[in-house]
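Beneath this line is the structure, given in structure tokens, with notes to follow.
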Amino acid sequence: MRTVGIIGLGHVGVTTAYTMVTKGLADTLILIDQDGERAQAEHLDLADAQGGLATYTKLLVNDYDALKTADVVIFAAGDISQVGAGGNRNGETVSTKKAIDDVAPKLQASGFAGVLIDISNPCDVAVNYWQQKLGWAKHRILGTGTGLDTYRMRRAVAETLNVNVADVRGYNLGEHGASQFTAWSTVYVNSTPISAFAGIDYDQLAETSREGGFAIFKSKHYTNYGIATIACDMASAVLSDARRVFPCACWDDAQQISIGHLATVGATGIIDNPTLVLPEDEQAKYQASADTIKHNLATMNSFD
Amino acid sequence: MRTVGIIGLGHVGVTTAYTMVTKGLADTLILIDQDGERAQAEHLDLADAQGGLATYTKLLVNDYDALKTADVVIFAAGDISQVGAGGNRNGETVSTKKAIDDVAPKLQASGFAGVLIDISNPCDVAVNYWQQKLGWAKHRILGTGTGLDTYRMRRAVAETLNVNVADVRGYNLGEHGASQFTAWSTVYVNSTPISAFAGIDYDQLAETSREGGFAIFKSKHYTNYGIATIACDMASAVLSDARRVFPCACWDDAQQISIGHLATVGATGIIDNPTLVLPEDEQAKYQASADTIKHNLATMNSFD
Amino acid sequence: MRTVGIIGLGHVGVTTAYTMVTKGLADTLILIDQDGERAQAEHLDLADAQGGLATYTKLLVNDYDALKTADVVIFAAGDISQVGAGGNRNGETVSTKKAIDDVAPKLQASGFAGVLIDISNPCDVAVNYWQQKLGWAKHRILGTGTGLDTYRMRRAVAETLNVNVADVRGYNLGEHGASQFTAWSTVYVNSTPISAFAGIDYDQLAETSREGGFAIFKSKHYTNYGIATIACDMASAVLSDARRVFPCACWDDAQQISIGHLATVGATGIIDNPTLVLPEDEQAKYQASADTIKHNLATMNSFD
Amino acid sequence: MRTVGIIGLGHVGVTTAYTMVTKGLADTLILIDQDGERAQAEHLDLADAQGGLATYTKLLVNDYDALKTADVVIFAAGDISQVGAGGNRNGETVSTKKAIDDVAPKLQASGFAGVLIDISNPCDVAVNYWQQKLGWAKHRILGTGTGLDTYRMRRAVAETLNVNVADVRGYNLGEHGASQFTAWSTVYVNSTPISAFAGIDYDQLAETSREGGFAIFKSKHYTNYGIATIACDMASAVLSDARRVFPCACWDDAQQISIGHLATVGATGIIDNPTLVLPEDEQAKYQASADTIKHNLATMNSFD
């Protein structure tokens, strides 16, 4: 049975739960939030939503013990109000650290033996911090990272070239934050490299994917739909051992840090990391992004 | 092509949009909100969510003209902050009236010739008010009404008897509000009338479905998942001409008012209203609920 | 992970496999057939079908060892050519017995610890024979039985009353064969008993559901779509522990035989059998059907 | 409403119908076959399959008039028994021509104004013959062509490199027959050109995709699952105006023949043909394949 825990029932966590329920992506869903009444309220709303479905998802609430047999835990706790006016995800560094410090021992104690997917920001730093805290095999912990930025970049390219997003391939890499970059060398539209298309404003497109979240955030004060679908896509790859490739926040042995790069996602988490041969300028951006994450991780570690 | 307009992109409207996008229930979705930046932000978030889907939904923003060829318009504008501390949906009477007054001429002008599904509260009153305002054939305008309360009642019965909600049938009727009632004479579990089960606390169960929304509302300040799925189920019945039966807020010729009762939903809206022979006590509750709606409609009409 | 084995890749078995692949109902599918080339060919065709899917199903071929961790095995081996000109499913008694005799020890040896769902005909007799052969707890073995006839009856009622099949409830019970019957006392349309509708030709409708397969069989020489969907529905109820109620061929302790009656299907197979209080004439038909199955089981046992 | 006609209810046509019904891809399905009893039998089997679905598809049988408002017609008539022992699809040239000669005037008379998707073989020749016969704007007629071979090539590459088929891109082009070729210059795995992977046996892989159907055909005597899914994918692109890119059998203005090459598929059929810059050897293969189709079209035209 596909068992998924979701810790943190803010907009992102509960939208992820709703997506799993309505699309039949999980058989048991364990909903966890420090606010017990909120968890119970979301549980009722999700239960109501099952009235017309052909699939069934068992819903449990605030039951850490049930995580023992879970395949995936999605960590979505966070405090979006900490994001700065400029949309800097590092604003959440302190609140996310506190949430991880609170949850990590409970997760450890539950006997959970599956794959942890972190959504909480700053995502790459959080993944590294989880890895420090839990000491598990690195492949068991990953973050949605630039998976979402990648969907945003593809959407922006699709709009520009008037094609379907499904026909655009390629990746955003590095930090799920300001230091990320679109690896244009990896972007293809119908197997034609994007460099073959005239009149592309690369800076504008990269900006759109990097800042896409903040365009939404400014008016809505959070984003939830894009991120929930990428989280569901990664979780589903674990649950069905699909061995699908995503740009995930995960361990890079060469950099000795977890950072957004290509990863094959399957039953045990990160199965392997496909090689991408990047041109020098993209390599440099990747290196700079890794340095940024290291610096931000040190900052997170410096807080008590 | 299945074309759906959603007017009002609060939690309910946009969750309905997200459900349609992720489940591939519409081919074109026209997102309309008086806050243009918000509409644009939700559009971007929903567009991001299409990055991993096998289906495709075209998204248009604030384009009333596009409603000309729409099959369904879902009206979800409202001001949840107007709901009283006790959870009385009539608190929205003024704000919903204003929203309808604002939207009705635009909808009329668009040339929209499809089916209007009202979610906004007070739902029954709103349906009646829409019918007054637009003067369309009655079958073209319906509300989700006690469809949601019905899902809640089934969920409550399912939990009590430890069965799957799909195996519970029966309906909540009347006002989507305090005067509604569970028509227990219509409730069956695996084709066995609920009266055959021992130890049922009917008042408690009816309370759960009637007040289910407020249990959620108290902690979350709105409900969106249950209502979005019932709205999608009704819209899908129109889009595929499924002729499925729901308890909808729609015209009751005997009562000369729109009120929640059984309706066959298909391409032209309400196809017909299947007869339910209710026992006297349930008939009396229905009559009382109709009177309540008439009274509340008069109240809505009395505001300028 | 949801792991399903399908043994017997004739039209029914492979259509069941295809449904699971295209709807994402299983994570691993183990395809087994005595004709290894055929199994390989179906495997390739199903693998090709995954080229455009958002879900992933791992396909294994003729790997009995893999059944050790399977949740469900669907047995669909049979020799449709043995069905008589009149469409008598007992024509398959000898061929199905041989197939079970062949497969049972392999299934036993595999260490399979899940739920066995028999589709092969004569279905009720086959379930009983499996139970004799394997000696497992009775709840682990069930057959699709009158589940399909129930769908056919509902379809026939829906067509007659011009309603959606989803709004018709009620069951066909007894043998998945000539002695079955529609339990009209259980049939409701929108919570109204069918007896309240005028002009129903019950004999004609019962005939349609009982003989529905043969109307198809006569021209097509097999039926596969209805049966594949009911098999998938039952398997999904096991995989998600949905505790949904179906009329299944399963053990009736009072009759000391497996026969089609209501059953709650969940992770361990038959969770319980909801009580249905039938009127005397329907009870008599059920008894007669049980006697028929006992007689036919004796016949199956009499063959070497 | 999404309305689809399927003409020819052999294994391929009816599997396509079943996929549309179970996945909710069409709202109305018009099933047409010269064998009226067979059409009725398939209709019943498909209707039975709707007993447990959350979606609804209206089924009509042998109703050419209903095609007047259809969005898509899928032509799947053919006589698989005419395929030679070596699996040559040209064996069907005579029978397919006769089927088109029979159906074309009826389709014309129906007033059908949508998009025709030909599955029948020899697919490219059939598309050209349809275009001659009907005289419609070229963009309204296309064939599944090398869409299926493309899925097969991707599957073969995925198996060889142990990756998910969804992460393999690239196309088979030319005739859906022996003269087709894999355009290796278009094949990428996770945005890395296949030429960067060591130890690839290109001839073997190309052979697998070209001859993939016959590996299945040899044992099963037909293939249906892969082809049904690609047909559904193309039909869905029309129905939702998805503007997705497939290698389709469609008009190539430079070659003055319909042949498998990239096409953007949307509401009006072929929206445009994205440019692929192929290396010389692949261009030569494309030219040779175009010549083959021209020759085979002349052959088809030479029969009475």
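For clarity, chains are labelled A, B, C and D in written order, and residue numbers in each chain start from 1.
In this text, contacts are C-beta pairs under 8 Å (C-beta built on N, C-alpha and C of every residue); 3 or more make two chains touch, one makes a residue touch a chain.
Listed by chain with UniProt protein names: A, B, C, D = L-2-hydroxyisocaproate dehydrogenase.
Just so it is clear, the structure is predicted and the values come from calculations on it, not from any experiment.
Engineer: Which chains lie in contact with each of chain C and chain D?
Structural biologist: A, B
Engineer: Go through B-D and A-B and name the pair with more C-beta contacts between its chains.
Structural biologist: A-B
Engineer: Centre to centre, using CA atoms, which chain is the farthest one from chain A?
Structural biologist: Measuring from the centre of chain A, the most distant chain centre belongs to C.
Engineer: Any idea how many Å lie between the Cα centroids of chain B and chain C?
Structural biologist: 37
Engineer: Could you tell me the distance, in whole angstrom, between the mean C-alpha positions of chain B and chain D?
Structural biologist: One centre to the other, that is 41 Å.
Engineer: Averaging only over C-alpha atoms, locate the centres of chain A and chain B and give their separation in whole Å.
Structural biologist: It comes to 34 Å between the two C-alpha centres.
Engineer: Could you say which residues in chain A touch two or more other chains, in rising order?
Structural biologist: 52-54, 56, 164, 166, 242, 244
Engineer: Quick check on the complex: what are the chain A residues that touch chain B?
Structural biologist: 15, 18-19, 21-23, 35, 37-38, 40-42, 44-54, 56, 148, 150-152, 154-155, 164-166, 212, 215-220, 223-230, 233
Engineer: Spell out the part of chain A that touches chain C in their complex, as residue ranges.
Structural biologist: So the residues of chain A in touch with chain C come to 1-2, 24, 27-28, 55-58, 71, 236-237, 239-242, 244, 267.
Engineer: Hey, which residues of chain C end up touching chain B in the complex?
Structural biologist: Touching chain B: residues 52-54, 162-164, 166-167, 169-171, 186-192, 196, 242-245, 262, 264, 274-277 of chain C.
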